[in-house]
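Here come two complexes built around chain A, the first alongside chain B, the second alongside chain C.
Take a look at the complex of A and B:
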C-alpha cells in the first residue's frame, strides 16, 4: 500500500518524539514509524530522575518523560503513528521507504523529508563463553526488570562503570537483587561521580583496571573469571579471580543503528567516540543526502537528554526546509542549539566534542 | 522470577494465559514478550547454535540481536523478546538436537 507524507520520522524514541513534537499543529502531514508496540523508545525503562533544566524535563523520571511526549504527539491531528512497523529499506531511485507492518503488511512510504531516529544497539565484549545464557546487555536487564517486572537472576556482576553500568546497578538494587561487583577496564570510573557515589554507598565495589577473561557454565552462566589489566591494557597473568554469579551485564557501550543511512548513501564516518559509523551532518542535523535529517543515538551515541534536543533541532530543520516552521521556531532552535552546546562543555563533554568535530560539516541546506 | 514490590514502578499485567514450551504447559500474562514469559518461568535457553549446539538466551531484549529466536506456532526464527505471548501458543526450543 502506498502512503504519502511530508515528514517521515523513523523511530519513536526520545529523538523521534521530540522531532514530532516540534511539528505538531503545523500544516505538515507527519508520519512516525515505530518498531515496538509502544512509543518512548528506551525511555520506557528509565526510572531515574533526569538532570539539566526544566525544558529538558529535569527532575522527571525517564519513563514519565516518555509518557508526556507520547501524549503530546499522539493527540496532534497532523501526526500519524504506525506502531509495530519497521522501516526495512530505502529505495534510492524510486525514493521511498519500504515499511513492514505487524510482520504482514508492506507499505511504500513516500515523503518529502525524513528524520532518521533509529537509536543504537548494545555492544558485546570478546571473551571465552560470552554466548552463554545469563550474559546480557545491561539494557536488556533494564528492559526485563523495569518494563516487565522480571528479574534475570539473583547474583549479578556488571561489566562497565559508565553511566549505564552505574544506573542499572542501582536499579538492580532497587529491584531487590544483589550486585556483587562492577568491573571496569579503565583506571578510573567512567560515569558521573554522583552515580558512582550512590552505588558505592550501597556497598557495591567497583574494581578498576579489571576485565572479564572467561565465562564458565554448562547450560547457563555459573561463574566468571576476572583478570587485572596493566597500564597498557594488557592482561596481567596470575591475577585471575573467580566469582560465582548467575548473571553478567555488559555495559560496554552502544553502536548507532545506521543501516538506513548507508542506504541513503549519506557520507559515513567511523568515529569511536560516537560509538561506530555515523553520518556526517551539519549543526542543524541535516546529512549530506539532502532532505535526510538525523537525531539521537544514530547520529552519535550520547544520552536521552541530548537525543531530545537533537530531535527538536531536526524537526525544526525539516519544517524550515519545507517553509512551514512552527511559531517561535527561531527561538526554540537557538535555545536547543545552546542547550546542546552546553551539554558538551567541560571535561565531561570532551569525548563527544572530539567525536563531533569529525562528523560536523558546514551547512547541508 | 517476578518482582513483587518495587519502590518506583507498578507493573500492570494482562490476564493469565497458558502456553506450551516443548510440549510442557506454562503460565504467564497476556501481551508480555514470549522471552519474558519464559524467563519468568525459569526457562533461559531458547535455542541452540547449529554447529556446536551451544545454548542461547536473551542478549539485547529489544529486538536488535538474534539471540532469542524460537519456533512459535510452527514458524521458525521468531524474535521472542518482542513477539507477544498469547493463549495456547505452541513454543519450541529452536534447533534442539540439530545435526552437526
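Take a look at the complex of A and C:
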C-alpha cells in the first residue's frame, strides 16, 4: 500500500517523539514508524530519575517522560503513528521507504523529509563460553525486569561500569537480585560517580582493571573466571579469580543503528567516541543527503536528554525546510542548540565533543 | 579516589562538608556531588536559595550553609541520590540523618535498621523515626534515622533486618 506524508519519523523513542512533538499542530502530515508495539523506546524501562535540567524533565523518571511525550504526540491530529512497523529499506531511485507492518503488510512510504531516529543496539564481548544461557546484554535484562516483570536470575555479575552497567545493577538490587560485583576493564569507573556511589553503599564491589576471561557451565552459566588487566590492557597471568553466578550481564556499550543511513548514501564516518558508524551532519541535524535528518543515538550514542534535544532540533529543521515552522520555532531552536552545547561542555562531554568534531560539517542546507 | 573506587572518602569532600561548628548548630544538607555532570534540579528546589545558582549545567552544587535549614527539599529532586541532611544534635545522645530511599519494602517508623557507610560496610544500628513521602517524588521515600552522633558524616544507607521482611 502506498502512504504519503510530509515528514516521516523512523523510531518512536525519545528523539523521534521530541521531533514529532515539535511538528504537532504545524499542519504538516507527519507519520511515525515504530517497530515495537508501544512508543517510548528505551524510556519505557528507565525507572530512575533523569538528569539534565527541567526542560529535559530532570528529576522525573524516564518511563514517566515516555508517557508524557507519547500522550502529546498521539493526541495531535496531524501525527499518525504506526506501531509494530519496521522501516526495512530505502529505495534510492524510487525514493520511498519500504515498511513492514505486523510482519505481514508491506507499505511504500513516500515522504518529503525524513528524520531517522532508529537508536542503537547493544555491543557484545568476545570470550570463551559467551554463548551460554544466562549471559545477557544489560538492555535485555532491563527489558525483562522493568517491562515484563521477569527476573533474569538470582546471582549476577555485571560487566561494565558505564551508566548503563551502574543503573541496571541498581535496578537489579531494587528487584531483590544479588549483584555480586561490577567488573570494569578501564582503570576508572565509566559512569557518573553518583550512580557508582549508590551501588557501592549498598555493598556492591566495583573491580576496575578487571575483565572476564571465560564463562563456565555445562548447559547454562555456573561461574565465570575474571582476570586483571595491566596499564596496557593486557591480561596479567596468575590473577584469575572464579566467581559463581547464574547470570552475567554485559553492559559494554552501544552501536548506532545506522543501516538506513547507508542506504540513503549519506556520508558515513566511523567514530569510536560516538559508538560506531554515524552520518555526517550539520549542527541542525541534517545529513549530507538533503532532506534526511538524524537524532538520538543513531547520530552518536549519548544520554536520552541529548536525544530529546536532538529530536527537537531535527523536527524544527524539517519543518523549516518545508516552510511550515511551528510558533516560536526560532526561540526553541536556539534554546535547544544552547542546551545541547551546554550539556557537552563539561569534562563528561569531552568524549562527545571530540566525536562530534569528526562528523559535524558546515551546513547541509 | 572516587573515580577508581566509586565512593568518596571524607577528605575528597573537603570544604563541601559542613564545618565542625556548623554541624553543632543544627540540621544541614550535605551535597555529595563533586563530579561535573550535566544536571541542575537541586538549585531550583531550594526555597531559601542556599544552593547557589549555576553558571553552567555542568557546575557542581555549592551550598551556603548559613542559609540552609536542613529542610530536605533538595533530597527528593536529586536524580543521583547524592544529597543527605545531617543533624548532629538532634537529641542529647543521638544525631539524625535524612536519606533518600528507593527500595521495597519501605521501612516502618520505630524500626531498627543497620547503618551502612559509603563503602557499603555496616557500621552500627539506628532507629527509623520518620518515613517521609514527597509530592515531587511520591514513589520513593526520605527516611529519617536516629543514629549515633559520631556517625552523622559516615552513614549513607540503611539496610532492613531480614526478620522484618514482610
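The rule we apply is simple: the second predicted complex is superposed on the first by the 365 of 365 C-alpha atoms of A that agree within 3 Å, B and C clash if a C-alpha of one lies under 4 Å from a C-alpha of the other, contacts with A are read in each partner's own complex, and residues count from 1 in each chain.
Following the convention adopted for this analysis, a residue touches a chain if its C-beta (ideal position, glycine included) is under 8 Å from a C-beta of that chain, and two chains touch if they have at least 3 such contacts.
Here the structure is a predicted model, which means the values were calculated and not measured.
Enquirer: Quick check on the superposition: with chain A as the shared anchor, is it clash or fit for chain B versus chain C?
Expert: Chain B/chain C on chain A - fit side by side.
Enquirer: Touch check for A:174: first (chain B), second (chain C), both, or neither?
Expert: It touches chain B and chain C both.
Enquirer: Could you tell me if A:345 is touching chain B, chain C, both of them or neither one (first, second, both, neither)?
Expert: Only chain C; A:345 stays clear of chain B.
Enquirer: First (chain B), second (chain C), both or neither: which does A:32 touch?
Expert: Neither chain B nor chain C is touched by A:32.
Enquirer: When the two structures are overlaid on chain A, which partner does A:139 contact: first (chain B), second (chain C), both, or neither?
Expert: It touches chain B, and chain C stays clear.
Enquirer: After superposition on the shared chain, which partner residues are touched by A:151: those of chain B (first), chain C (second), both, or neither?
Expert: Only chain B is touched by A:151; chain C is not.
Enquirer: Take the Cα centre of chain A as the vertex and report the angle out to the centres of chain B and chain C, nearest 10 degrees.
Expert: Roughly 100 degrees separate the directions to chain B and chain C.
Enquirer: Regarding the shared-chain residue A:8, is it in contact with chain B (first), chain C (second), both, or neither?
Expert: neither
Enquirer: Is A:271 in contact with chain B, with chain C, with both, or with neither (first, second, both, neither)?
Expert: After superposing on A, A:271 lies clear of both chain B and chain C.
Enquirer: Please work out whether A:19 is in contact with chain B alone, chain C alone, both, or neither, and reply first, second, both or neither.
Expert: After superposition on chain A, A:19 lies in contact with neither partner.
Enquirer: For A:220, using the defined touch cut-off, is the partner it touches chain B, chain C, both, or neither? Pick first, second, both or neither.
Expert: First partner only.
Enquirer: Check the superposed model and tell me the shortest C-alpha distance between chain B and chain C, rounded to whole Å.
Expert: Minimum over all C-alpha pairs of chain B and chain C: 5 Å.
Enquirer: Residues of chain A that sit at the chain B interface in one complex and at the chain C interface in the other, please.
Expert: 61, 174
Enquirer: Any idea which chain A residues touch chain B in the complex?
Expert: It is residues 35-37, 42, 47, 61, 63, 121-122, 124, 131-137, 139-141, 143-146, 148-152, 154, 174-176, 219-220, 257 of chain A that touch chain B.
Enquirer: Considering only the defined contacts, which chain A positions touch chain C in the complex?
Expert: So the residues of chain A touching chain C come out as 48-54, 58-59, 61, 161, 173-174, 187-189, 192-206, 208, 303, 305, 339, 342-343, 345-349.
Enquirer: Can you name the residues of chain C that touch chain A in the complex?
Expert: Touch residues, chain C against chain A: 2-8, 32-41, 44, 56-58, 77-82, 102-104, 116-121, 136-137, 139, 156-157, 159.
Enquirer: Over in the complex, which chain B residues touch chain A? Could you list them?
Expert: For chain B paired with chain A, touching residues are 1-3, 5-9, 11, 13, 32-33, 36, 39-40, 44-46, 49, 54-65, 67, 81-82, 84.
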